[in-house]
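Some structures to go through are shown next.
Paired with chain B in one complex and with chain C in the other, chain A is shared by the two complexes that follow.
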Partner chain A sequence: MTKTLKINKSTEQGVLEFLKFLLESDKVNGVFILKKINGDEAVAYSLVANPEDLKDAVPFYPLMPVNAGKLLSRFTLKGSTKKPVVAVVKPCELRGFVELIKREQGNLENLFIISSTCGGVYPTKMSVDRTIEKNLSKYWDAVKRGESPSDLRDACRACEEFIPYMADITVDLIGKSDIDKQCTMFLNTKRGEELAKDMKGEFSEKELDRKKLDEICERRGVEKKKLFDEIDAKMKGMEGLINIFGRCIGCHGCMRVCPICYCKLCEFESPNSEYAPSDYESELGKRGAIRVPPGTIYYQLGRMTHIGISCVACGSCDDVCPVDIPISIIFKRVGESVQKLFKYVPGKDVEEKIPLITFEKEEFTEVEE
Partner chain B sequence: MEKDKEFMPRILAFLCNWCSYAGADLAGTSRIKYPSSILPIRVMCSSRVDPLFVIRAYLNGADGVLIAGCHPGDCHYDKGNYYTRRRFAMLKKIMGEVGLESDRLRLSWISASEGPRYAKTAIDFTEKIKKIGKNTAKNEIFL
Partner chain C sequence: MSELKGAVVSARSGTKETIIELLEKAMDKGIFDGVIVPMKVPAGDSFAYVFVKDRSLLKESFPLPPVMFVQGAKAVSSVTRLGEGNMKIAVIMRPCEVRATIELAKLNQTNIENMTLISIDCPGVLPTSDFLSNPEKSMKQFDEAVKKLDDKIMRPVCQICDKSSMIAGDLHIGTLGAKKDTFFIISNSQKGNNVVEKLGIKLKDNLDSWHNKVKGISEEKHKKRKKAHKDLKSEVGGIDNLVETFSHCINCHNCMKACPICFCRLCYFDSDKVKHPSEDYLERAESKGSIRFLPDTTLFQMGRMMHMSHSCVSCGACEDACPMSIPVAQIFSMIADETQGLFDYISGRSLDEPVPLTVYEEEELHEVEDAND
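On to the complex of A and B.
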């Protein structure tokens, strides 16, 4: 059983009350949270120290402007703050952050994490079109029923990892019909329990309603299969790859927003990936013609080997792709197959090693010849 | 004439300095015959082979890529080849998932004393690649 804290307010209000309490009682020095920009439909992750400034905070807004894992990594890269900070993030953002910590790109010291069961987010394009606000009531109705609106990110509709790992506090959100009236928080860790101490509310012990969550997971699994089948039908061999990735303009936006890609100098932007005139000549001699610059398939396959093992399928890459390549589903598809190979769930446990930097002496003998 | 038409694959072989390269050397000094299809590249350890090298070779039209290193437990750097094996398993999986011919990749353990084994690996792999045929990535323009 897990300790819980129940507050008789809407889930969002309850969490905001709680954050206010944490700031006012000096338990934390700051809150890392999604905040509306001047009441507009745009939101940005912000650090808030003044309880008053929480008024525009929208912890569960269905939008992920940037994967917060990447932001928390930048926040903690050079060490931790002296006083604790609490961050409210989505499960895949937390998983991305954990994967970055494993790559020594951040740490959890003096950082409390609040996350929730997640209903998914809309593509950022909808914040540009200003169509999120009018969809909000539809979104929350669907979340209460544990369903996914069809215009969510593909990666979200196909997401089966919507229960956070490694969160100090988990907010019960999806498939819960009374989120307008009640706020239930699960205090998963000792740290989480200490945080909630002295907060006004009802403390008890409970478990997440696994049965209901399993049903949601099953529904999303069906959606996932549909999306995977679509991709599989297209992604057949070199011809399929060229058909899918041929329209890539090489902006490398997918790499820049990816919470796993962190290299300061990316191999694909380094001189290693530049073609000299003599390289073009040799390519021409061999092929008769060559795309300029070459390297689209190389970049995509290369990135699969680099991040496939840790892809948390947040869908940020889809959001930024200017030519609408369904990158997130492709990477989720390939990533999951690799993760399954190593029985690895990225972002599940910060102590677990990335499979490629560890080994067992007796394994994979089937790949040797 | 007939002989010219026969397809001779071009196979890129990454050989580890301490075992497989010495094994290839031994095959040579022992005058064991093996096909000229192999283009060896010496690396200090099989784990030096970045999956990107293999992908680049494949896209540039290599008909096969062989990675060879010390037998498990014999790595000069203690455990490099274990990492190689994991990376290789991952790469093979990824290539298979996107529908590329992962059969064109091979991982073998060949020690410094195994000249005949090196020759046999070269012969077997060449035969296998001959059966699979040419790598058509060589002709692709929009890579």
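On to the complex of A and C.
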């Protein structure tokens, strides 16, 4: 059983009061959270120090303007935070952060993590055309029933990893009909329990409703299979790759927003990916014509090789692609098949090593032959 | 303008087809060893620049595609950033792409010594997302719009482009003011003269009807541009409006990557310079109550503006690549007109004009010196 803290307020209100308590009681010096900016216009992650500034916070808003894992890495890249900070993030954002920590791009020390079972997010462009606000009630109705609106990010509709790993506190959110009246937080770790100490509310012991969550997982699995089948049908051989990635404009936005891609200078933007006129001349002798700039598919496959093992399928790449390539499902598809080979779930455990940096004497002997 | 020499070319088989025939002829005669031209990608849902050596593939060229997926200057610099090659290459692009190429040449990011830059009268391009929503229909709409000289469906910056027929390269194909089944071929350099001469075309025809038509269009667009910039200034001017405008920015830097001018290998805003210890962020949050994280979205936009606005060609590639639909190109074109105007500079107009910030004039901008008196 896990210790729980129940507050008789709506889930969002309960969490906000808890955060206010943490700031006011100096248990933390900062809260890292999604917050509205410019009224209803946009949401962005913010670092809040003044409890008053929590009034515009929207911890479970169904948008992910930037994967918070990337932001937490930015926050702790130069070393752990000296003063305690609590971050409220989505499960895949936390998983992205954990993968970055494994790559020495972040630090968990003095950082408390609150996450929730996640209903998924809408494509970010919904905040641009301002259709998000009128979709909110539909979204929350679906979340209460444990369903996914059909216009969520593809990656979210197909997400089976919506229960956070590594969170100090998990907020019970999806498939729960009373989130407007009650806030239940699971205090998963000793640190989580410490944090909640002295907070007004009802402490007890409980478990997440696994049966209900399993049903949700199953539904999302069906959706995933559908999306995977579609991609499999399109992405056959070199011809399939050319058809799918042919319209890539090489902006590398997918790489820049990816929580796993942390290289300061991507191989595909480095001198290694530049060719001398003589290289073109000899290549033209063989091929007759070359697309310029070259390397459109090479980039995609290269990135896939580099990050597939750690892809958390957050869907950020889809959102920024100006030519609507379904990158997230392609990467999720390839990522999961690589992850399965190593029985690896990216972001599950910060102590678990990334498969590609560990050597097992007895593995893949079939490749040797 | 009056020194430009040109010829009327018969184009009974169609403008596109005739351009291709001329390119084929030029390759047969050894005037060019290769051509960089747009082509449709195999899936048919976009266009890409292709460097062609095999003459038989030229028939696939698409000299004036309805979209600009990649700015042509980027295609050119990918071939000659590391120096000039041995091949004589012709490049067919839109005027703003030729201008960006010339800016990059000045910035030592491409070598156009062995290149013949050919531009075409440009009716604008469709926003990439509009095109992608239905490529086939978009192709038809584009053709219709070109016939009617209607720019309403083009990129917003194309609608206010007053340099859509500007000749900055070696040769230009003029379709405006041309009689039915003809176009003008106009030379702007000795290199251009030589190419046309070798093709057996004499540069002796009158260009008045092209000049007049171009003058009319660019004057009208210039007025539209001034008005659009004035309106935009009231919308985004001042720090509050600016912050609000860029509040949607998610720091993907697509604008910078799509920009033909932004050539830095590692942008300052992707470098370690903008990564701070957590205490710094927390201190800022404590002093202001809360800070947006990432904190440097507006800073990035303004930094980029300072770095490249004197060379901005207002092509609109940034705006098309922005996943948050920020009117980046419109804002940058407004600022670019002002910064370039200060130096009487037009980006990409001529290879001989140095980029303003690379030259020192003792007698200029005195008003800045006096600002603190």
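The definition used in the following text is that the second predicted complex is superposed on the first by the 369 of 369 C-alpha atoms of A that agree within 3 Å, B and C clash if a C-alpha of one lies under 4 Å from a C-alpha of the other, contacts with A are read in each partner's own complex, and residues count from 1 in each chain.
One rule holds for everything that comes next: a residue touches a chain if its C-beta (ideal position, glycine included) is under 8 Å from a C-beta of that chain, and two chains touch if they have at least 3 such contacts.
If you're wondering where the values come from, they're calculated on a predicted model, not measured in any experiment.
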item: Touched partner set for A:R291, first chain B, second chain C, both or neither; value: both
item: Dominant toucher of chain A (residue count), chain B or chain C; value: C
item: Which of chain B and chain C A:F364 touches, first, second, both or neither; value: first
item: First (chain B), second (chain C), both or neither touched by A:M1; value: neither
item: Which superposed partner A:G79 touches (first chain B, second chain C, both, neither); value: second
item: Partner chain(s) touched by A:E41 [first = chain B, second = chain C, both, neither]; value: second
item: Touching partner for A:Y280 - first (chain B), second (chain C), both, neither; value: second
item: Touching partner for A:A233 - first (chain B), second (chain C), both, neither; value: neither
item: Which superposed partner A:I242 touches (first chain B, second chain C, both, neither); value: both
item: Intersection of the chain A residues that touch chain B with those that touch chain C; value: 242, 246, 288-291, 294, 296
item: Residues of chain B touching chain A in the complex; value: 51-52, 55-56, 59-61, 72-73, 79, 82-83, 85-95, 97-100, 106-109, 121, 125, 136-143
item: In the complex, chain A residues that touch chain C; value: 29-30, 32, 35, 37-38, 41-42, 44-50, 52-53, 65-66, 71, 74-83, 85, 124-125, 127-129, 239, 242-244, 246-247, 249-253, 256-257, 264-265, 269-271, 274-278, 280-281, 284-285, 288-294, 296, 319-324
item: Chain C residues touching chain A - in the complex, by the definition given at the top; value: 34, 36, 41-43, 45-46, 48-54, 56-57, 69-70, 74-76, 78-87, 128-129, 132, 244, 247-248, 250-254, 257-258, 265-266, 270-272, 275-279, 281-282, 284-286, 289-294, 320-325
item: Parts of chain A lying in touch with chain B, wherever the complex brings them together; value: 235-238, 240-242, 246, 267, 286-291, 294-298, 301-302, 304-305, 308-309, 333-334, 337-338, 341-342, 355-357, 359-361, 363-364, 367-369
